[in-house]
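Below are structures written as structure tokens.
Consider the two complexes below, in which subunit A is the common component and subunit B and subunit C are the respective partners.
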Partner chain A sequence: MQTSTHSHRTERRSRGGLLHKLSLASASALLFSSVSFAAPATEEVNTTGLAVTDDTVKVGILHSTTGTMAISETGSVQAEKLAIAQINAMGGVLGRKIEYIQEDGASDWPTFAEKSRKLLVNDKVAAVFGCWTSASRKAVLPVFEQYNGMLYYPTFYEGLEQSPNVIYTGQEATQQILSGIDWVVKEKGAKSFFLLGSDYIWPRTSNKIARKHIEKLGLKVVGEEYYPLGHTQFNSVINKIKLKKPDVIYAIVVGGSNVAFYKQLKAAGIDMTKEKPVLLTISVTEDEILGIGGDNIDGAYAAMKYFQSLDNPNNKEFVAAFKEMWGDDIVIGDVTQAAYLGPWLWKAAVEKAGSFDIDKIKAASPGIELTTAPEGYVRIHENHHLWSKTRIGHAQKDGQYEVVYETEELMEPDPFPEGYQ
Partner chain B sequence: MNKFSLGNILPRQDAMYFAVLAVLIVIVLPLSLDIFRLNLVGKYLTYAFVAVGLVLCWGYGGILSLGQGIFFGLGGYCMAMFLKLEASDPESTKIQSTPGIPDFMDWNQLTSLPWFWEPFNSFPFAILAVLVVPTIFAYIIGVAMFKRRVGGVYFAIITQAIASILTILIIGQQGYTGGVNGITDLRTLLGWDIRTDSAKYILYFVNAALLFACLFVAQYVRKSKLGRILLAMREREDRVRFSGYDVSNFKIFVFCIGATFSAIGGAMFTLQVGFMSPSFVGIVPSIEMVIFCAVGGRMSIIGAVYGTLIVNWARTTFSESFPELWLFAMGALFIAVVMVLPNGLAGLYKNYVEPRLVLLGGKLKQQWASRTTPVSVSGGQE
Partner chain C sequence: MFADYTTTELLSIFAMQGFAGLILFSVFVLMALGLAIIFGQMGVINMAHGEFMILGAYITYITSNLFSEYMPGLFSMYFFIAMIIAFFATAALGALVEWSLIRHLYKRPLDTLLATWGLSLILQQIYRTVFGAREVGVTLPDWLMGSIPLTDMIDIPINGLFVMGLTVLISVSIYLLMFRSRWGSQVRAVVQNRPMASAVGINTEKTDRVTFALGCGIAGVAGSAFTMVGSTGPTAGQLYIVDTFLVVVFGGAQSLLGTIASAFTISQSQSTMEFFLSGSMAKVLTLLFVVGILMIRPQGLFAMKIRR
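Let's turn to the complex of A and B:
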């Protein structure tokens, strides 16, 4: 009875949340059995000609190490290298050491497509950890689907996508947004919101979801504005904010523009340490605060799934290992942590499937759980996104966030949210 | 009066350069490279269209355009719009709230196809648009600038500004253009899957054929009276004007040719790479294309092709070997070329390689003559 439900639901590719309980049981059973694997023969675990030998397996790392995105993506590269080093120290995957081939996407979307093709076609890597911006993901997606590769994508993003060839280790928009707005309404008594962001698909889609949610709660959006990436003149919007006096400034400004935005906000006399207006962002991680300066963003709130200050044993270990490998002054943001999950989730999927074959990994991935994640427990949903908790952080002068709230339950990823489109 | 005979347009030496390049592109590269690398070469060659156009505009006409990406992008977008519409049939987009329109429109709450997308359902229209839209745009820019005698640095700055404006426009109107992401996930051309290996081979050769067609047109312009007027204009614009020529019309014409070449390159780029994005329209790619042309030698249309191939090959190789340092290597390459080779690779060839070849050729002839049994000529050096 149960098995028939199982196969039926899989066929329908249902996005419901019931399946995980079933596959969870099978996942953990398989995980235990995989421990006894002692380096199975290469022809058994690799039937499609990937770069797997008797003692090594090649994977790709594809991020921008040059260009405007390098600042953001460097943390992801570091996290992925750390995870790979740790996995190798534990004996590798199915008895094989991971070797990585790193390619530079150069903050240029066509280059990402070219390099991903190189990794899949020439190097035959077993998995790729990479991409950061939505644009780069959209550029490589057809390549991964055509050559049947596996991409572990770390960034929080807009949703509206669900590829069998991608595992989305960051949060999709609803996970980040809904609980953040609920929190600010409940805790801060917010009634009116001013939405602003950089002008591309992620901020626009996110604000669309935010607006629908705010209006569903019967509250008001008093303004919505977008500025091109790299924009540095925010005085006119700041004047509008002062005029409209919203309870919440909901900011999804991205990249270098953040520095100008928060400095100008402070210079215009909007003090975020005061009760109103509350500034709530979903785009500023500890990495961005390095550029903005702790003083300029002191008092703002951020809604995301990970903060470096998270108080749990997994995270303490992770932060210590990260600092040991990359230096003491380094900060770790949400995406960096999500990038760190990539190699671990891939390892778990390979071991559960008992094979490096992409199709088997795709089938094995839903239901995989990670209890050692720095953010706490995560699990892969049927739709290839992660179940994860959302936290609210309160920015401090020292550039860190103090965690003031955490959702009780794991948030279900819902990349195609009905009623929010 | 055989002024326009092949021999006049393509003298023996130039014919040899054409032949060597043709052998390289049509025979050597396809035989020696796997399909992945060959597809990359195909992509590089689409930039060569722009570089060849720049040789005419800049090398001959003295018009330095830092906005050729505009035309490359327009050509590419016209092609991408057609391919995107074909990829967005109601069946494959049924997950959207409005099936049958491109996915990015759906994400931006558009519920019907905008009017200017409608004609791109037709393939003949799309091909026409690839050629005509950028050319008309170039014509408008040309008339506005050259009729007012705007030239030199001012023209370069204005083309940059236009490239920048167009990028901002494309990014800002993401519901209509796909924004920063561009137009992605293009699959078929009239039902023919452009992502397969065989399609890539075919597209590569189509691309090569078109490039040679453009090279031939460029060669024709070079050798015609128009080419000489362009050179004269570049050296002494006033004298040409006082001799009774309408300088601006010649400039507009050559600028339009450059734009058409770029547009063809852009359309072939979209077909071979499978997407188009605003990152080819802006200032940086436009300047890069001028660099390709400079490396090749700005007076040599064949040199422009080699320059494009070499710079892009170096870029790919450096970035694969040194993912964190490759930009420095590229910078060093450009500085070296400009300092050591002001006339680019073509200058290097003319000054150093060719005299030696002539010398060598002479010696070989002597040797052959001194032998009793003449050896059949095997083509000698490459």
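Let's turn to the complex of A and C:
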């Protein structure tokens, strides 16, 4: 254990060297996988004592099913269970059925760390799918690095992080923000922006990137405001928006505040279905609209990588399977889809490496492609984030988004964007 | 700061800001009245106040679904019925809680804090089990949404007017009930001296139960009204509890007039500062201001003069 901890520290210190090693290793792993057979012997595919038997492999699901974050994390749990069920129906991973152990992080960050230690040390799971808020990810990160576990993290987040032990299946901030702003400038002729957010790291970092980008384009930010999490009275800031008359309201409000913000925006007579102002958000998925109400957000635009209404065969199949498992009235948001990718990406990495060993999966992960993803094609970057397209959705009365634009190329994940910090 | 704007713009902004402050004031009063009765009059620190409000919100949600299912023709009027049901349902739950939990703790008021906090956790988990962890969307009748445009700049939100009207109605009713009715004088007698009130023949147990139920019922109506401006989810009650206690304590726990005065002070200063500074900074300054005043006047703005 001591040596492994030590080797991680050195790995993190010299990222250039690590990337070099990773690409070498992934090349060699590719050679191995082409000669591997179905259901190889357990001692070959599991040299580090993980919970792998001749016909099963244990993984962990770690989300909040109680407490304030349960609202958001429920969808991710459902998506991960669906992916696992589908993989098992196809015969499992390396001929082994996946069994999951679900733990409840209870919306409490120390509990997340405690439960992840339990999953890694006591249960010896081969991978963990979980966490939602950045705070919970930051809490479990040292545990995953110390005990060398593998975490698949689904949420779009602020970036500024890269760990060999985490695969980030959601978008980092620049992927979501840059193309969204480019779109609104090009298509809507936007010249002035009002930035608004809940007061914590994700909205603040995201707005910083947005502001830099807007100013680089030679356009104007006429206001930037933050409100505490859970704030429910937005009348003052709405007045300010009315006074400044921005072309775009760029909103990163989260949680219960969202509902209050959009209801009050509508009540104050700001009609988002009109030409101006355009409301562009990166925080409202179909999940949030359930609480806000389609009537109240009708006409807003959102920039993210997945919408339930995406029109492609993968997604149709995914939505149908999801509804069959969890009920017809369910909606699927961006993070839910990203969570669904986790088990599939892990399966692909295990098969490429021909092993459940964490170090081999780490090495095999960069370059892994998924052509069956509901959002379309994705690929793991060497920085453990995903190459993915960004789409713009137009909110409809029925609570769904209509996709009005998607980037032609895959957006490169850039968790440490130069010139944006 | 004002140089960029024309006089008309400035005037309309002041008008709208004033109105925003009044809406916030109404919201604060509505939140705090129920707690002022329970905490101020009875001395029970009711940490489950937010959850009683959310019960009112969920009842509104159920009522709206029932109406759109069975009586779509009457849908535009459902909100009034929902508020009445919300009042009686939360009052009934309040009476049950008082009977099973609170009445055993009147002699140990600090313990009510822990007991009601536990109650709030239990209620949250019940909501989560029954209604699901996600927030529910309450569909409002069309006439409650939207705004009345007065000029180009000024729009008056209808739901804001509605909340203000409701606040006036409830405040006046409480005033009449507490200070102009026989029952009100019994409540005040019990609050001031329980053994003496009992000795002159007041049924203190019954008075306590009805008072607690009334406080909870008002919380239910408030929660029902807040579906217009806020979110309805298992933990949404937590969003209100801090502000509610702030208003009640700042006003002087035992004075209903103090609650209203403090709601006015806090809401006006907060909405003014929110306009000139950012939201988080406004909150910080408001809290500092309240702490400062409470250091000088620990008993709050209005204190009852009683001999100790």
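By our rule, the second predicted complex is superposed on the first by the 385 of 421 C-alpha atoms of A that agree within 3 Å, B and C clash if a C-alpha of one lies under 4 Å from a C-alpha of the other, contacts with A are read in each partner's own complex, and residues count from 1 in each chain.
Going forward, a contact is a pair of C-beta atoms (placed from the backbone, for glycine too) under 8 Å apart; a residue touches a chain by one contact, two chains touch by 3 or more.
Since the model is a prediction, treat every value here as computed from it, not as a measurement.
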item	value
Partner chain(s) touched by A:Thr47 [first = subunit B, second = subunit C, both, neither]	neither
First (subunit B), second (subunit C), both or neither touched by A:Leu141	first
First (subunit B), second (subunit C), both or neither touched by A:Gly256	second
Subunit B versus subunit C as contact partner of A:Thr66, first or second or both or neither	both
Contacts of A:Arg204 with subunit B and subunit C, given as first, second, both or neither	first
Touched partner set for A:Ala113, first subunit B, second subunit C, both or neither	first
Contacts of A:Glu225 with subunit B and subunit C, given as first, second, both or neither	second
Partner chain in contact with A:Thr56 - subunit B first, subunit C second, else both or neither	neither
Touched partner set for A:Asn312, first subunit B, second subunit C, both or neither	neither
Shared contact residues on subunit A - subunit B and subunit C	65-66, 199, 228
Subunit B to subunit A touching residues, read off their complex	34, 36, 39-40, 43, 95, 97, 104, 107-109, 168, 171-172, 174, 179-182, 184-187, 195, 273-275, 277, 279-280, 316, 319-320, 323-324, 326-327
Of all residues in subunit C, those that touch subunit A in their complex	5, 9, 13, 16-17, 19-20, 23-24, 27, 125, 128, 132-139, 145-147, 149, 153, 155, 157-160, 226, 228-236, 238-240, 271, 274-275, 278-280, 282-283
Touching residues (chain side subunit A, partner subunit B) in the complex	65-66, 102-104, 106, 108-111, 113-115, 117-118, 121-122, 133-135, 138-139, 141-142, 146, 158, 160, 199-201, 204-205, 208, 228-229, 416, 421
Subunit C-facing residues of subunit A, complex	65-68, 70-71, 74, 199, 224-228, 230-233, 235-240, 242-243, 255-260, 263-264, 266-269, 287, 289-296
